[in-house]
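Some structures to go through are shown next.
In the two assemblies presented below, chain A is common to both, partnered first by chain B and then by chain C.
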Partner chain A sequence: MIENDKITNTQLWIFIVLTVIGVGIFALPRIVVESADEDGWISVILGGIASIFLFLIMCRLVRKFPDDTIVEISRKVFGNILSVPVILIFTLYMVTIIGITLRIFGEVVKMTLLLRTPVEVIMITMLVLVIWLTRYGIEPIVRFDEFVFPLIMVTLFFVLFFSIPRTDFSNMLPVFGSSAARILDGAYKATYSYAGFELILLIAPQVKDKGKMFKSGIIAFIVIILTYISVVILAIGKFGIIDTKKLIWPTLTMIRSIEVPGSFIERLEGIVMSQWIILAFTTIVPISYAISYILSRIFKHKNFKHFTSISIPIIYLISLIPDNIVEAYDFLDKITKYLETPVILIIPVLLLTTAVLRKMGANK
Partner chain B sequence: MGLFGLFMKKISGYTYDANDGKDEVEKVPIPKNIDETNKKLKDIFKDCNDIIFREFNVGTGQKLKYLLICVDGLSDKMLVDNFVLESLMLDARKVKPDAEEIKSRLFDLTKNGTLATTELREEDDLNKVIDGILSADTALFMDGFDKAIVIGTKLWPARQPQEPKSEGVVRGPSDGFVETLRFNTALVRRRIRDPKFKVKQMKIGYRSKTDIAVMYIEDIVKKDILQKVFDRLNSIKIDGIIESGYVEQFIEDDIFSPFPQVKSTERPDAVAAEILEGRVGIIVDNSPFVLIVPGTLIGMLHSSEDYYQRWIIATFVRGTRITAAIFSLLLPALYIAITSYNPDIIPYRFALSIAGSREGVPFPAFIEAIIMELSLELLREAGVRLPDPIGGTIGIVGGIIIGQAAVSAKIVSPIMVIIVSITAISSFTIPNFGLNTGMRIVRFVLMILAAVLGLYGVMLGLIALLIHLVNLKSFGVPYLAPFAGMSARDFKDSVVRFPIRSFIYRPEYLQANDKKRMALRKKR
Partner chain C sequence: MSKKTVLIISIILFSASLFSGCWDKVEIDQRAFVGVIMVDMAPPGYEEKVEESVKNIPGIEKQTGKMIKVTYEFPNASEIAGNDTGSGGGGGGEEEKGGISSVAVTIDETNRYIDSRLSRRLFFGFTQTIIFGEELLKNPDKFEEVLDYFRRAPEFGRSMRVLAAEGEACKVAEIKPKNEKLLFRYIRGILENESSNGRISDITFNEFITMLSANGDSVMPKVTVKGDELKIAGDAIIKDYKLQGFLPEYDSFYFNALSGKRKAGSESINTNGLTVNYLIRNTGRSIKLINDDPENIEVGINIETEGVISSASAGMEIYDDNFIKKVERDLNDVDEESCSFVIKKLQKDYKNDTLLIGEYLRKHNPSLWNKVKDKWNEVYPTIKIIPTVDNKIRRIGTVK
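Right, the complex of A and B next:
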């Protein structure tokens, strides 16, 4: 079909924004406030800046090997045997993170839109659509992103704008009230909300202009960080830190409390949640694509489509592991600790340093 | 998907399978002896009583045998009588017959010097002559020659250009295409007087031999698109093309899509405008609907009138139309979803009034909506099939049944009547009939999804719709262009319409060879 098409830089940053912003945004205020109290927003900024640095490392890495994905890169750099754990961790990370994202998605939809429908129905129907789009390949995924991006941004702006009334910004004080360690801990925990940009390790061969890859990333991160900061600040301002900690999804509660003066729609929740389904969809699809693509590369199979259908039952089973939302977030903590850190930090850094030391790959 | 894909491949494989041997007919020579020709043709046209055979003799000595064949009713008899028969039978006698010398040059003399008609050609293949006769030309055979003269005498009962029935405008020309290919090409040619504007004709259908004209401007249209058009047209192997709908269904990209990928229009001005943008027009003989490819979704929502009005008004009208399109797609589904799953998103007073109006209605919202939608579909279908004088009655009967009686009988709620009416009115604003019909089907699917999964179901349906649309291409051009490409320049003529003087370039997604359509204006 249209598999060999290239991604332009505009498409790339839209892709990153929509992949990164997704399910994580709902719990983000709680997660950072739990660690850093009033300084949660500083954690968000720090997490964002750290992500930019990690993204820079990844860009350096993939520019050394312009036609390779993480699988080939690690095989070249580490050799066939040592690369096995690297690829394994990467795959495992993708599979678990998508499973848990799907679960949280299902729970949120169940809670807001379909109170009596089993969460399994929601997840399966979603997965069907995910398979469908994934099978078309990266270029249609990106075009899908491109089409929905303006709609989502308008809604997002709308939501943030109408959240401003009845917000007490003095809840933000004192600034720097928490210790540096706690702020850093918050930044570390916020990384789940920033996860998604590591897909560049897989899709880089399809990016048209690799020189401007990092620039696209910067634009994407600016959009993401601004969104996250506004959400966190508004949540703290609205609920104060004590209530924010108690809410599972402070952002959701914030959306529920929005009142648009004189409008026909009583509660924006339904409308916003409907839009958010698309946002979650654009987060899950790229990861699903990444999984099938990485599997096809591992088995040196040309057609990734065959792996989409194989990976779906696994994703579904993983999403069923936690019994409830609290367990789901505990599970997520473990993923962040044991899988995400290696994938977005240790592996790229190791690969890059080894590649530089062994003088491998192209020099710019 | 796998099985489905296989099935699809089979069908499309059949469509685009070239050469099953039916288009290449061997050449049949014309016998030199005219009696032999006569016998042969009489044999071929046995029991075809509408074919006229006219044998006559020419020259002062009446020694030269001629044979003239045409189809009664298709050929212009006045033309044949006055400028073919009269020339040959009367005028030719005035020339002194210098027997041998003239006899060897007789064919050329007849062709170039005697026949007083504009269009004629020479054929030495009997099959082609027969083709010509059946396409309303007149064939003239001469004794002693193995070739024939085919004279263009096409004149058959035809409708004159009238105002198109399906796409009315207030401002704009009122001529519309008719069933005659030649009139149609003339209507477009009248609007584009450029030698680069090509009208390339071919015949499709090994029995019907329908004329098809492909129209494009040579130095504007992208070669790829043109090549695709010809490839797909040439791959059609069918006995007969009756209407351009046949061609449309053979050349479209995705036969399972509910959306039309080829724009069909009755308006010559629309065709001319689209060709100037770099598209390709396809006229099929016997059909007043001209096809335009590649088609885009937003193009189906445009009316040619949009370009004739001032831009502020045009933008407003376009906005209304697109809102209407969204309404016609979503309104019933949203009603079902909100009343059965999420009544909390509308103000509670309104929710109460809906609940109040639904009191006594025994059906769930979904059944209620389906009843109303189906009865509307019935009305629509009945209105189309019935003759005009009775058609009006249907409206009144339907209006009373749907509007009054159904509500009084508590079969549906008044709110539902409003929803269905708005949906129906909205769907009538969509200028393209194919899109209108496609949207109706999608609407029903969304209604079912809304009944099963509420707002979430509606969103799933929309995502699925979007996945389909994003992957849909028409002749290599994305169906969602210009949105999925995000070209700021093309956005000027999409949901909004900027002033005409700002359309300096042709749409980017068509990748025209000649990108610029306007000289840059100097600032005043």
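Right, the complex of A and C next:
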């Protein structure tokens, strides 16, 4: 076996970018505009900054325990019994978020590309590929990310660039027209779109240079925030706030309304969507890996691969829970509220403060 | 080893059956690429006839509504390729002229009915134009429903163009375009030419919908069938999904300047009893709030154009700065007069805010907007809109 469990810092930020940007980007403009109207883009920035702080807390935590994942850290800090709910919440969050991501992925693909194909087939096909890549481990996953990153970024730039014509940027006015409370609410809701960086709690032991982990995170967040802001601004400019609120996936509609001037090509969505499938893939695979890995750590089993095949049917069943797309987004809201907030905010903060108070772990 | 080979082969076979995408397999020659869709109300008398025939079916009264007639125009693939359709091809040649139409309560139903009459499957991915009949536009509920379909259906792109037909929309399908085999290209070509004449609002489906949902007022270009030709000029004025009237092309020319949608155009003026033609190359527009007293709002619309003199009556000495300045002044006066006329029409007759004055106030003067937004419909006709036009003749061609 080749040694495949160390990732460099460049790989780390590419990994974070591709993990964070996923299916959330399609609904993001609607979600922030619903809360903060024209100031949705400010919510995006605030959500990003908040995520950077949370990432900083996680980095502090994992640097105290360089060889441990969240499972061992919580066992050490909280003890064997108290750590059970922590690990349980973490696992439950991973499993539900991947299930719902898979479902939204399936719905979008069915709506735009494969109109007559059953959504189950789309999701199972995806899961087969996910098992295949997950079983190879973290290093092949990040190498895959590295490979597709330029491709996706070029497409993304292309899409954003060609969306500019026929966009009325005065739709952004008035700035600060909504209240601060609504902007903050939008920022809170935008956090689902930033979720994914919490995987650092699991993959930190594999990062080569742990000192530069936070720096990599900053680069990743800059890329993500810029992408998100452009998407939100273009969507508001193209559809105005009232229509943005009405569209389930404003970004998708934006892609569909691209008109390349003077060209015979219309319907670029086919090309763009095929890239987006890769983007969804690079979001689902890391979480699937995280689930297998966390399970192997819980059961103190050496090989995480055995848990991949076990977890996949569970993920599939969860993805089938919502009856329709409205329920799927309600489900997602619930996950964000009751599972994501503990996972990215409460648990890391509690662990870090307790570790500091108990003077545990290594000091820098 | 052999066990492994068997495994690999079975995986390949399994994935082949999984990945073949057989649900969505449609051969390209089995698709009818719909280029233009025309939507009308059902012809008079049709609904009664249908009602009569389904009278005894239980629960039918819950399934009926106002009916629409949808006409689809799609090119015959073999005709484009240049092959004469000797073998017929399912009567495709006949359907070519006049399109193919069906009547039902919703568009989706007409799609199904057409599918059952065609050997091909309707495909809307490349639909470029939707034409709405006058009667439909006067039925706000039905029009809203039809628009909702086009918005909701994932097949349609949002860069389609929308047109309002004077009279019945399906008449458009009956014409035989000159120099062009495909009706949708013919329409698209006219639209492109005409938007450089400035007499139509160059507006996409997306812009139309956005305007309509943002403030309830919108415009779309008007199309008229004239013998074997189409004339696309003028604008249809729509308020709350209801057609209020058509702006004639002369009015549209100034309306588009006021709304900032006009890029180019041409107009002539009588100076010293002789005619000068001014060809506009570029137009810019800006709105300014002059008086922000909520009782007494005054808004200025400033139009700036650049252009050339393309022709003048023989014997005129144009190579003279004073003369050019005078032509500019005369043009300004005439344009301002015409603009005021159009503004008055929109404000007083139609009470229609397609010039987006309300939007402007909302974006740039939120405090004033908050005071007037609840009674905007009453306030709008009373505000003062002052157009100022600044024409700049830059070039005079190759002769003095």
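Observations, loosely collected:
Here is the rule we go by: the second predicted complex is superposed on the first by the 358 of 364 C-alpha atoms of A that agree within 3 Å, B and C clash if a C-alpha of one lies under 4 Å from a C-alpha of the other, contacts with A are read in each partner's own complex, and residues count from 1 in each chain.
As a convention for this text, contacts are C-beta pairs under 8 Å (C-beta built on N, C-alpha and C of every residue); 3 or more make two chains touch, one makes a residue touch a chain.
It should be emphasised that the depicted structure is a prediction, and the values quoted were computed from it without experimental measurement.
In the superposed model, A:Ile278 makes contact with chain B only, not with chain C. Of the two partner chains placed around the shared chain by superposition, neither chain B nor chain C is touched by A:Lys64.
When the two structures are aligned on the shared chain, A:Arg75 is found in touch with neither chain B nor chain C.
In the superposition on chain A, contact of A:Gly240 is made with chain C only, not with chain B. When the shared chain is aligned, chain B comes close enough to touch A:Pro140, but chain C does not. Applying the stated contact rule after C-alpha superposition, one finds that A:Arg297 touches neither chain B nor chain C.
Judged by the touch definition given at the top, the superposed model places A:Val109 against chain B, while chain C stays out of reach.
Applying the stated contact rule after C-alpha superposition, one finds that A:Val148 touches chain B and leaves chain C untouched.
Of the two partner chains placed by superposition, chain B and chain C are both touched by A:Thr125. Looking at chain A, you'll find residues 113-114, 117, 121, 125, 266-267, 269 touch chain B in one structure and chain C in the other. Taken in their complex, chain B has these residues touching chain A: 1, 338, 341-342, 344-348, 350, 453-460, 462-464, 466-467, 470-471, 478, 480, 483-486. For chain A in complex with chain C, the residues that touch the partner chain are 111-118, 121, 124-125, 128, 166, 170-171, 173-174, 177, 238-240, 242-243, 246, 253, 256-259, 266-267, 269. If you check the complex, the residues on chain C that touch chain A are 15, 18-19, 21, 23-24, 125-126, 154-155, 157-159, 204, 206-207, 209-210, 213-214, 362-364, 366. Note for the complex: chain A touches chain B at residues 1-2, 10, 109, 113-114, 117, 121-122, 125-126, 129, 131-133, 135-136, 140, 143-144, 146-148, 264-271, 273-274, 277-278, 281.
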